[in-house]
Amino acid sequence: MDAGRPIIQVNDLHHRYLRGTPLEVVALKGVTMEIYEGEMVGIIGRSGAGKSTLVQHFNGLIRPRERGKVIVDGEDLADPDIDIRALRQKVGLVFQYPEQQLFERFVGDDIAFGPLKMGLPMEEVRERVREAMEMVGLDFGRFKDRYTFTLSGGEMRRAAIAGVLALRPKILILDESTSGVDPRSRKDLLGRIDALHRERGLTVIFVSSSMEDVAELVDRVYVIDDGRTVMSGTTREVFSRPEELIRYGLGVPQVTEIVHELARRGKIPFTTVVNVQEGKEVVWKILNSSAT
Amino acid sequence: MEDFEFLRHITLGQYLPGDSLVHRLDPRVKISVMLFMTVAITFNVSYLANIILLIVCLSFVLLSKIPLGYILSGVKPALPFIIVLAILQLLFYGDAFVPYGTESRTILRWGWVHVTSGSVQLVVVSTLRFLQLLFLASLLTNTTTISDLTSGMEAMLSPFSRVGLPGHELALVGAIALRFVPILAEQLEIIMKAQASRGADLGAKGRLRFIQTTRQMVALIVPLFIDAFRRAEDLILAMEARCYVGGRHRTKRVRFRFQRADYIAYVLVLLFSAAMVAFRNRMPF
Amino acid sequence: MEQKGFTVRRIVIAGVLSAIAILLGATRLGFIPVPTAAGNATIMHVPAIIGGIMEGWVVGGIIGFIFGIFSFLQATIPLFKDPLVAIFPRIFIGITAYFTYVGLKRFNEYVALIVAAAVGTLTNTVLVLTMAVVRGYMAPGVALGVGITHGIPEIIVACILVVAVVAAWKRVETGRGRSKV
C-alpha cells in the first residue's frame, strides 16, 4: 500500500480564521499527514480540534495562506492558478449534517448538480445519477422525483453522498457524514462505503467521532488535537494507546476497552482488538482455557 | 472569490466593550438622542447649522472613546463612489437644489457644467450631514449591545401599545431577526461550500456575468429562504408549545432605570435639537 | 391566516425574513452587478415582498422597516444616511406587494406572484428615488436614469426569486413536477 506516492500530502499546515481581525481564531497549528492512493484513512479528534478545517483544505474550499503546504495529486494548493473545479471533481467532500446540503427541489436534480455543472450531456448525467444512487442504496426510479425535504435523515445522507459520488471522484471525504443516523442505516451505509473502497479502489478519508466506526472501517488513523497532528499509525497501533487517546478527549471502541481491561486483570497478555469479531475470538480463547 | 470566510465577517455594527460615559447611558437615552439629532440634522441645510451639528456629533464620539479612525474605516470602500457622486452633484445639479431662503447664484457655466452656490452648498452640506449621521449610527451600535438595543426599543415603544402599536411584538421581531442573522449566515456558508464542492463556479466572469450571477444567486438564495422557513416553523412550534403570549403582562428580567446622567443627557440633547430645528432658517450662513 | 393582529407565526416569520434582508445586505450577496453604469442592482427588498405575500401587509411592512433601519445604520454613502430615503420608502414594499397579490390571486396564483414581485420592487425603486430627488441628492433626470437601469434588472430578478421561493415553499406547481434526470 505504501508503494505509491501520497495522493494527499500535508506538511505543517497552519490556518487562522478571520486573520487580522479582532475575532481571529486559530484553527490549525501544524498538521502533517500523508494519504496514499487507494487507502482508507480515519481522522479523529474532539469537536473543535480542526478536522473540518483540515479536510476543507483538501478540495480547496480553504487555501493554505500561511505556513504549511497541501499537495493533492501533485498540485500545490497554494498556487492560485490551479484548476480548482477539476480538483473539486477529483476530491469529493461530503460535509457534516448532509441534510443541510441538499439545495435542489428534487432528489434527482440535486444529485445531477455536479455532472450538469461539468457540462455533460443529459444521457451521461442520467447514467451517473443512476449509478451514484445505486451505490448508496437509493432506488433511481423511486427516489429521483421525490422532494429533497421529504426524505428521512438516513435518505438525506445517502442523497448527499450520491451527489458527490456522481462526480466520480478519486478521493471521497466523509466529514462526520454518517453520524446521527439510526444504527441499521448507518451500518448499511458504512458497508457500502467499504465496498466502494474495496471494489473501485476509491481513496476514502473518514472523519468521525465514533471510535467504533473508525476501527471497523479504516486502515490507518490520524489523531488531531488543538490544530495539530498528535498521533498516527495503523488503527491497531493507535487504539493500543488508550491513555493518550483519553488525554485528547477520545477513547477506544468498547470492545477494545474490554479486552484491554481483561489484560489489565491478568487474564490475557496485552492485545488490541479493533472489532467485535476479534474481541469475540479473544473471549472464546479465555473461556476455553478456563474450561479445561 | 474563493473565500467563504467573509460570511464570518458580518458585524452588525460591532459592539465594542468599554466603560465610557456613552457606554453607560441608558439605551433608551441613546436611541432618543439618535432620534432627536436625526430630526435636527434632517431639518438643517445651512452651513453653520451643519458645522455646529458636526462638532456636537464629534464631541459625542470623543466622549465614547471609540477611535475615530475605527468609525471612518467603514467608509473607505465606498469613498470613490462618494467622491464621484459629489463631483456629479457639484457640476451638473446646479438647477436642482435651492436651499431654503437663499438665492442660488451661478458660479460657473460651461456647456453642461453648471455650478451654482446651491450645488456647492448641496455637496458640502450633504457631506457634513453624512458624517454626522455616520458618527451617530456608529456610536449607537458600537456602545450598545444588541440585547440592550432591542430591550431599549421595546421599552420605548411600550407606551404606544395602548393606542394599538405593538411595541413588544416589534421589538421581538427585531430580536429574532438579529438572532437569526448569524445562524443563516452559517447556513449560507454551508450551501455555498456544498455547491462549490460539486463544481459550482461562484464568481462569474465575462460579458454575460449578469445572467450567470443571477442564476447562481437564485440557486443559492432559494435554499436559504427554504431553510429559514423551516427554522421558523420549528421556532413557532417551540414558542407555541411553551404557550408564549406576548404583550403587557409579560414580566422582564432586566428593568432599565434612568440615572442622573441619563436625565441630563436626554434633556440637553432634546433642548439642543429643538433649538436647531427652531432656528433653522435664521442661521447667518 | 385571516387571524387579526400578531400571531406567534407572524412575529417569527417577520423576524426570520428580516434576518435574510440584513444578511443579504451585510454580505453584499444582495447586490447583482448589472451591465450598466449604475453598478449594482439590489434584491434586499425581496424578503419584504415575500413576507407580505405569505403573511400579510403588517409582516411585509415590518420587514421593510427593519431592512430600512439596517440600510440606514450600515450606509456608507450620504444618500442612504438620510432616514427619509433609507427607511421611510421601505415600509411600503411589502404592503403594496401584499395587496397586489391578494387582488390577483383569484385569477391565477402564478401571475399574482409575478405582478406582486414587480409592484413591490417598483415601490422600492420609485419611492427611494422620489425621496432622493425631494431631499436634493439627485436631479430628476438622473433619478429617472437610475430608475430604469436599476429598476428593470431588479424587477426581473425579484420576480424570479419570489416565484421560486414561494413555489418551493408552498409547493405550487410551476410546470415541473419531476426532476430533470
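Think of it as A, B and C in the order they're written, each chain with its own count starting at 1.
Just so it is clear, a residue touches a chain if its C-beta (ideal position, glycine included) is under 8 Å from a C-beta of that chain, and two chains touch if they have at least 3 such contacts.
Everything quoted here is computed from the prediction, not taken from an experiment.
Here B-C and A-C were compared by C-beta pairs in contact; the pair with more is B-C. Each chain's centre was taken as the mean of its CA atoms, and the one lying most distant from chain B is A. One finds 42 Å separating the Cα centroids of chain A and chain C.
Chain B and chain C have Cα centroids lying 18 Å from one another. Chain B has residues 220, 222, 226 in contact with two or more other chains.
In chain A, there is no position where the chain touches two or more neighbouring chains simultaneously. Shown for chain C are the residues that touch two or more other chains, namely 168. Within the complex formed with chain B, the chain C residues making contact are 5-6, 8-9, 11-20, 22-24, 26-27, 29, 32-35, 43, 47, 50, 62, 66, 70, 72-79, 81-84, 133, 136-140, 142, 153, 156-157, 160-161, 164-165, 168-169.
By the touch rule above, chain A contacts chain C in their complex via residues 104-109, 111-112, 116, 122, 125-126, 129, 144-145, 147. Only residues 2, 4-5, 8-9, 187, 190-191, 193-201, 219-220, 222-223, 226-227, 230 of chain B touch chain A when the two sit together in their complex. Of all residues in chain A, those touching chain B in their complex are 17-18, 21, 23, 56, 59-63, 84-85, 88-89, 92-93, 95, 97, 100-101, 103, 113-114, 117-118, 149, 160, 163-164, 167.
The touching residues of chain B, counted against chain C in their complex, run 6-7, 10-13, 38, 42, 74-75, 77-78, 81-82, 85, 88-89, 92-93, 95-97, 122, 126-127, 129-130, 133-134, 137, 140-141, 166, 169-170, 172-181, 183-185, 188, 207, 209-210, 213-214, 217-218, 220-222, 224-226, 228-229, 231-232, 235-236, 239-240, 244, 246.
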